[in-house]
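Sharing a structure with you now.
Chain lettering (A, B, C and D) follows the sequence in which the chains are written, and residue indices restart at 1 in each chain.
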Amino acid sequence: MTATLDGEVRPVPRGRALRRFLANRMAVVGLVVLALLVLFSVVGPLVHPTDQVHTNLAEANQPPSAAHLLGTDSVGYDVLGRLMQGGQISLLVGLSAGVLATLIGTLWGATAGYVGGWVDAVMMRVVDAGIAIPAIFLLLVVSAITRPTLPLLILVIGLVSWLVPARLVRAESVSLKTREYVLAVRAGGGTHRRAVLRHIVPNTIGTVVVNATFQVADAILLVAYMSFLGMGVQPPATDWGAMLSSGVGLVYSGAWWLIFPAGLAIVAVVCAFNFIGDGLRDMLDVKGKRA
Amino acid sequence: MTTVSATADESTAALEVDDLHVTFTTDEGDVPAVRGVRLAVARGRVLALVGESGSGKSVTAMSVLGLLPRNARTSGRVSVGGTDVVGLTGEDLRRVRGARVGMVFQEPATALNPSMTVGAQVAEALRNHGTAKDVAAARAVELLTEVGIPDAAARAGRYPHEFSGGQRQRVVIAIAIACEPEVIIADEPTTALDVTVQAEILDLLRRLVQERGAALFLITHNMGVVADIADDVAVMYQGRVVEQGPVQQVLTAPSDDYTARLLAAVPELPRLADEPAAADEVAPADGDALRLEGVCVDYGRGRRAFRAVTDVDLVVGAREIVGVVGESGSGKSTLARAAVGLVPIAAGSASVLGSALTGHGRRARLLRARIGIVFQDPAGSLDPRMTVGESVAEPFRMHPDAAGRPNRAERRTRVTALLDAVRLPGGTLDRYPHELSGGQRQRVALARALALRPGLLIADEPTSALDVSVQQQVLDVLREVHTEFGFGCLFISHDLAVVHEIADRVAVMRGGVIVEHGSADRVLGAPREPYSRALVAAAPSLDPVEQRRRRELRLTAL
Amino acid sequence: ACGSGGDESGGDGSVVNYALPANATPNWILPIGVPGTLATHNISIYKSLWPSLVAFNGSTGEVALDEAASVAESIRWSGDGTQVTLALKAMSWSDGQPVTSRDVEFWFNLIKAGKDGWASYAEGKMPDNVTAVETPDPSTVVLTLDQAYNQQWFTSTQLTLITPLPHHAWAKTSDDGAVGDGDRDPAQARQIFDYLVAEAEDLASYETNPLWDVVSGPFTAAEYAANGQVKLVRNQSYDGTDPARADEVNLLPFTSADAEVNAVRAKSVDYGYISSSALAQEQQYTGLGYRVEPWTGWSVTYMPYNFHHPQMGAVFSQLYVRQALQHAVDQVGISDVVWHGAADPGYGPVPQEPASDYLSEVQANNPYPFDLAAATQLFTAHGWTPGPDGVLACTNPGSGPDQCGEGVAAGTRMELTFLVQSGSQETDNQFAEIQSALQQVGVGVYLEQAPLNQVLSRTVPCEAGDPECTWQLSYFGTAGSWYFGAYPTGERIFGTGGTANFGSYSNPEADALLSAAVLSNEQGTMAQYSALLAQDLPVMWLPNPVYQVSVIAEGLTGTTQDPGANFYPQRWGWES
Amino acid sequence: MTTTTMNPLLRFVLRRTGQAVLVVLLVTVVVFLLLQALPGGPARGVLGQTATPEQIAAFNAANGFDQPLPQQYLAFLGRLLSGDLGDSFVMNQPVADAIAQRLPKTLLLTGLSLVVALAVALPLGVRQAARRGSGFDYSATTFAVVLYSTPSFFLGLILIVVLSQWLGWFPALAPQGRTVLGVLAEPRALVLPVLTGALVAVATFSRYARSSTIDSLAEDYVRTARAKGTPEAAVLRRHVLRNSLTPVVAMLGYQIPVIFGGALVVEQLYNYPGMGLLFWSSAQAGDFPVLLGCVLVIAIATVIGSLLADLLQAAIDPRTRGGLQ
C-alpha cells in the first residue's frame, strides 16, 4: 500500500521554500532592485568617486550636467555621489532598525499573548505606556543627552518602533494560542518557548512581514525627522531621508534633482522590501493558494 | 428498504460524474488524485462511496461544486440534474451551490466560521437563496433541532468553538440540507457522531431522500452505515472506482479484490445479548497510567458556566486500554483534555503515571513526554506551517533526552518508520497538512502521539476518518505497540466495534457522567443501563438482518 | 467702518492681511511686558493700541526718532543733561478723555512698584535712573535723571520704554474697583500692576475685557483670539498724528512657514514671507503680484566662544586661534550661496545694515577675510602641527610668541564641538561649509545639533568647574543672534558680567568703551567699540540672516520694514 | 470569584481602567524623569537670551524647579487631582484651555482621515487578496507602498501643488474656524488635510487587510460558505473580512495615539493648529506644563484606544473572549 503514493510524490528536495520564493516574480524583482541599490551605494562611490567631505560653494545649486549627472546641492556636493553615500546609511539603518524592531516586537507580543493573564496585562501596559510617550519626545531627550552615533541611531529607532509589531503580534497570538496545534504542543510537554517560537510566531508571519517592510520605511524616514531634531547622522555624512526633507523646501523652486532622486530611492527601496516581504510570506505560507 | 423504484432512469440521474480527472500541482510535481471516475446517483436514491483513505473520495465530492483549491486541475463532466457544472462560474455556479447541491464537509471543526454564530451560518444558507431574514433565522433553529442540537433556540446564538465535535458536524449537516437541495453530498457526515446520533442523522438523511426525493451521495468508511442506508455502493481505490453496484451485491459478493479486503476488515460487535450481564469490575493490574477521581469540569464562568463533566472516576491501568463511548457532547473529549491538564479541573483530582500533572516545570514536562495525545480533530491539531515530517519529529525535539538525542538523519529515519507504521507512505513526510486527506492527517496525528513510546496514550477518535482496511491496520499497529511497550490508553471512539475490538474495559458516558463501565465484552455485549443498550443497539451492522434487528431494538429502547 | 475708511486709503479693500511668523501667536496685550512675552508681534500689536511716549525705530528706513508715532510732541534736554522735558501731543483716549501727563506718571508709578515683574527691567536702568517725575501741567512731563547720559542712548532705549496708560480707566485693583490716585502709593501701585497683569494673563477674555477697549493708538483690537488671530480695526476716535490707513488689519497666525507660503501662493495674505531659498525663484512671486523684500534686522549674528571651558577655554583665549578660525569662515560665500543673499556678512558688534555712524571702518572692511592659508599659517606659527589624521595638535606649548600660548597643554588637539540650533536647512548648510573649511585647516569640528530652546538652555555663562560648562561654541542665530534696540550697545552681550555674555568674554578696554557709549555724549565711542571688537573677536562673527524675506502685495504701501523687527500696521494702506 | 455575578465585560472594563490609571501614572513619571534629563532646564529657553539671572531664578522658584524632583512630581500630581494642569510657560494660557481648544479639532480631522482610510483600505485590501497575484493586486500594492514610502510632508506638498495650485479644486489651507462647527462649515477646505492623513493610513491598512485576508481565504469555512452558495462578495464581507480584521483592529488601537504625533505634519502643512503642533512646539520650546498635559492626554487616549481595540477584537473573534475574563 505504501506504493500508492510513493510513485506520485517524490521526496522533497531542500530549498522547496526557496523555490516558492523564486516563483513570486515580483519578489525576485524586489530582490534584484535591492541588490542594485546596495551595489549602487557600496560600489557606486568607487565607480563614480566624488568629494563628499568638502563643500564647494562655487559649484552649488547646479542643475544636472555632464560633470554632475544629478547636479549639485546647496553646498556644492555632487548629488549622485551623495545619493550613493546616503544610501549606505539609509539601507543600513533601515534594515537594522527594522529587523531590531520586528524582532523585539514579535517576541514581546507573541509572549504576552501566549502567556496571557497578568503577565500579558503588564507587558501590554508597558507597550501602551511606550506608545503614549511620543517618539518625538524621546528622540528629543536622547538627542539632548547623547552624541548620536550610527549604532545608537539604529538602537534608538529600533527601540521606539518595536511597539507596533508587539501589539499586532499580540493580537494574533491571543487567537493562535487557542488553536489545537498549540494545545498539542503544551499537552505534549513542549516548552513555552517552543510553542511561541515554533508555532505562534511562524503563524503570524503574514502580519509580521507586512509590518517589517513598514518598519524599514519608517526607519529610513525617521532618520530624516531625527536630523530635524539634531539627532541625525553627523555631517558631512547624510542619508536619503535627510536629502529628501531638505529638498522638499525647494518644491516650488524647480530644483527637482534635489528632491526626486532621493525620494525615488526611498520609494524604490521600500517597494523592493515590500515585494520581498510578499515573497517571504509566500515562502513561509504553505496554505496560500498561489495562482 | 426503499419504496422508490430502485431502477430509476439513468437519464434522470440527479448527479452524474463522468470520466472525472483531478490532478494537484504541488511543489514536488503533480499528484493525480482522481483518475477517471464515473458515478451516478438518481433522485430518491443513496449512493455510498467507500474506499481507502486518500483514494480521492473527498476530491471527487468537492469537484462537483467547484470547491477544489486552485492548485487542482479538473477535467471530465459533472452534471447536476442535467446541467454541466464543471464549466460553471460566477452567479450560475452560485445558484447551484447550496440550493441544488448541499455539501457536508469532512472536517467540521474548521468548516465553520469561528466568528459567526452557528444560527447565522445556517440561516445564511437560506438567505443566499432568497429567504427573508427573520424566516431564515426561525428556520435555522428548526433545522438545528432537526439535526439534534439540544436547546437549539438558545444555542443558535453560540459560536462554533462552544460546540462539541459531533455537534459541529450536525451544524454542518443542517447547513447542507437547509435549502432542501436535490443532491446532498455528505463527506463522512457521521464520523464524529456517536452511534445513536449517527442513527438519527441517517434517519434524517433517509427521510430527506425518501420524502423529498433528494439524491444522497454519501462518502463514508463505515460499512455499517453503508449497509444501513445505501442503495448503491461505489468503491474507490487509488483515484479510480474499482467496483460499483447495488449495496447487497457489493457487500455480500464483492467482485474486486480490494473490496473484499475492505469488507474483511470491518470489525463487528458481538450480538447484543437480550439480558444485561452482572457487573464485573476488573481491577487494573500493575499501577495505573491515569487515575481520575471525582473529576468535574466547567466551561465558562458565572451565569454562562456549564458543567461538561461531573464527578467522574476512572482508572486506566498501566497496560490497559480503556474505551470511552457515549453520546456526542457527553464530555468525552473534555474528560480527555482534563486528564492531561488542557482544561482546568473544577473539582476532583487527576494523576498521570502516578503523579499529579500540574505546572509547566521540568518535572511536568518530563511527565508530559510520556503522554501521547491524538486530538479529535486532526486538521486543527497540526500546525499548518509545518510539514508532516516536522510535526511528527517535534516530540523528539521537545524531549531530546526521552528520545535519545537523535540527530537530523536519525529523526528522519524514525519519522519515516512511524509514518510507515500508520501506513503513510514516505513521501508524506514533506507535505503540509492541507495537502493530505482527512484520514491521512489523522494518521499523522497518531504517528506523532506514538513517537516517544508513551506511557499513556490519549486517543480521541483516532480512527474516525479512516476506511476500515486502514483502520484495521492502524489498530493492529496500536495493538502491536501496546503489547510491545505496554502503555495505558484512553481510547475515545463512537465506533463501538472498534472499541470492542481494542479495549479491555469500556466506560459509557452521557451528559457528563459515566453511566456504566466494565469489561468491553460485558458492556458492549450485555449492557445494563438502558442508555448503553440503546447505544449498542444503534450501532449499525454489516449484516442486513442483524442491522434490522438492531434498529427495531433501538426504537423500542427509546 | 468701510464708509469712513475709503477716504484715507482708497482702493476697494481697506483690509490688509498680514502673516505672522510661523508658530508665533500673539498672546500679550498689556503694554507692560512680563518675562516671556516680549515677542515682537506682541509689542507691535500693543504699540498700535497704546503708542509709546517716544518712538524710535527704523520704520522710515533709518533708525531714528519716529515723531509721528510718538505721543510726545517734543523732547528737551536740560543743559547738564540730567533733566528731560517732554511735551505731549493733544490726543485723546478712545473714550474721549484726553491723554495727559498723569497717564505718563501712572506708567512710572506702576513700573517703579512692579519693576521686578517687568520684563524690560535691568538694574540701574529705567526706571531706576529716573529719580523724579514731575507733571507741571497736563501736557508736560519732566524727568530728573540720576546722572547725565548719552542722549541718543537715553532717548532711543530708555524713553522708548515709557507708554502713557489710561489712568482714568486702569487705576484700579479689581474689575469694578474705583479709579483713583492709589497708584501714587507704591503698595497700591503694586496692586494695580498685579491686577493689570492678572487680567492680561487671561488670554481668553481679551475680546471681552473692557480694560483693553480704552486705547490711544490708531487701532482697536476687534478680535484677539487665543489661537492668535488678531483683527485690528481703525480707532474711530483717534486724533493723533499717525492714523491708520487701512480700516482693518488681520494678523494671521500660521503653524508653519510651508502653510504660510501656501497662503501666499493662494494670495490670501497681502504681506507674508517666503523661505530664503525661494529668493532664487523671485519671479514666481512677482508673477503672483508680490514684491519680494528681504527684511534686514538691526542685529548681529555670532557664535560665542566659551572662554571658561575647562579644556578649550585656554585655547579660545588665544587671539591668534580666534583669528585663524575667523579666517576660515567664508562669510560672503555663505551669505550668497547658503542664504541665497538673505544674509549679510557681519564682521563686528555693530549691525552693518542699514549703515550707521556707529559702524567703524575696521569692522566694515573685515579685518579677517576668508583665507584658509592665513588660518593655517597662524596655527603653524604658534606651534600647532597636524597629526596623522590631519587634526592639529599643540606641539610647542608655552607662552612665547611662536608657542601655543598660556594654558594650552602639549598635545591639545584642535577639535571643536559646535552646539548648533537644528531645524533650518540654511543653518545646516552654513555649518557644513564651515566644518569643511576648518577641516582643511586641520580643525576637527563636531556638530552637535539641538532645537533652539535646548541650545539656549545649555549656552550659559559658567565657570570651569560647573557641570553645565561643557559647551565650546554655540549657535542660536538662524534668525539673528541678537537684536538691538535703536542704539546698538552691547554691554549685555560683551560687557564683563553681561547677562547675555554667555562665553564670559572679558575685556576692560571694551567695558570702558561700553560704559562711555551709554554715559557720554562724545561722538565716535561706538565706532571705537566697533573697531575694537571686530579685531578682538569676542565671538566668531557670522553672516547675519534677514528677519524674514517678505512678500508684499503690489499696491500695498507703507511697508518700510523696521530693522527692529517691529511692524506698524497703521502705515499700511492700498494705493489708490 | 466573589464577583461571579458581575458582567464579565463590565469587570474587564473596570480592571482595564484600573490598569489605565497605572499606565498614565507610569507615563507621567517617565516623562518627568526625562524632562529632568534635559540639560539646562526650561528657563532660558522660555525667557529668551535677554533674561537676567534674577528673572531666571524667579522663574525657577515660581515653577518649583528649585525643589527636589519627587517633591515636584507630587506637587504636579496634587494639582492634577484637583483638575489643574497648570499654565503654559509661553502661551499665556492655562494648559487645559490650550488642550481643550485643540483636542476637538485634532480629533475631528484625524477621525475623518481614519474613517476615509478604512473605508478605502478594507475593501481594497480584501479585493487584492481575492485577486492575489493579478495585475490589479500588484498595482494596488505598488500604489500603497509608494504612498507609504512617500513622507507625508512631501505627499501633502504634492497634493497641494497639484490639487490646489494647478487645478485649484481645493484650498491649501484647512478650515480656519475656531470651533469644530466652524471647521465643518468649510467642507471643501477639509478635503486636502483629510486626504493627506488618510492616504498614508490607506497604505498601512490595506496592506494588513490584504495579508490577513489571504490567510482567511485559505480557511475551510470559506469553502463552506461558498458551498452554500454565498455570493462571492458576501463571502468576502461576512466571512473573510471579519476574520481578517485582527491586525487592522490592533493597528487601530495604536492609531489613536499616533493621531497626535502623525497629525503634526498635516497641521503644519495646512495651518490647522491642533494637538500635534501643540505637543511639538511645547517640546521644542521647553514648555513643560503643556508637554505634561499633552502626554497625559495622549496616555489616556492610548489606553482608551488599546482598550477599545481589545474589546473590538473580542467582538470579532469569539474564541478569544475567554481572555476578557
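Heads up, the rule we're going with is that contacts are C-beta pairs under 8 Å (C-beta built on N, C-alpha and C of every residue); 3 or more make two chains touch, one makes a residue touch a chain.
Chain-to-protein mapping (UniProt): A, D = Peptide/nickel transport system permease protein; B = Peptide/nickel transport system ATP-binding protein.
From a predicted model like this one, the values you see are computed outputs, not experimental measurements.
Chains A-D form the pair joined by the most contacting C-beta pairs. For chain B, the chain whose average C-alpha position is most distant is C. In terms of their C-alpha centroids, the spacing between chain A and chain C amounts to 46 Å.
Inter-chain centre distance (chain C to chain D, centres taken as mean C-alpha positions): 39 Å.
Averaging Cα coordinates per chain places chain B and chain C 87 Å apart. Residue positions 161, 434 of chain B each touch two or more of the other chains.
Shown for chain C are the residues in touch with two or more other chains, namely 258, 265, 451, 454.
Each of the following residues of chain A touches two or more other chains: 140, 144, 178, 252, 285, 287, 289-291. Taken in their complex, chain B has these residues touching chain A: 26-32, 52, 54, 69-71, 109, 161, 238, 340-342, 360, 364-369, 371-373, 375, 377, 380-387, 394-395, 397-399, 420, 423, 425-432, 434, 448. Within the complex formed with chain B, the residues of chain A that make contact are 1-6, 8-12, 16, 19-20, 178-181, 183-192, 194, 198-199, 202-203, 205, 284-287, 289-291.
Those residues of chain A that touch chain D in the complex are listed here as 26, 116, 120-121, 124-125, 127-129, 131-138, 140-141, 144-145, 163-164, 167-168, 170-172, 174-175, 178, 206-207, 209-211, 213-214, 217, 220-221, 224, 241, 244-245, 248, 251-252, 259, 263, 266-267, 269-271, 274-275, 278, 281, 285, 287-291. Residues of chain B touching chain D in their complex: 62, 65, 67, 90-91, 94-99, 102-103, 105, 107, 110-116, 121, 124-125, 128-129, 159, 161, 172, 175-176, 178-179, 301-303, 379, 434. The touching residues of chain D, counted against chain B in their complex, run 4-6, 8, 218-221, 223-232, 234, 238-239, 242-243, 316-319, 325.
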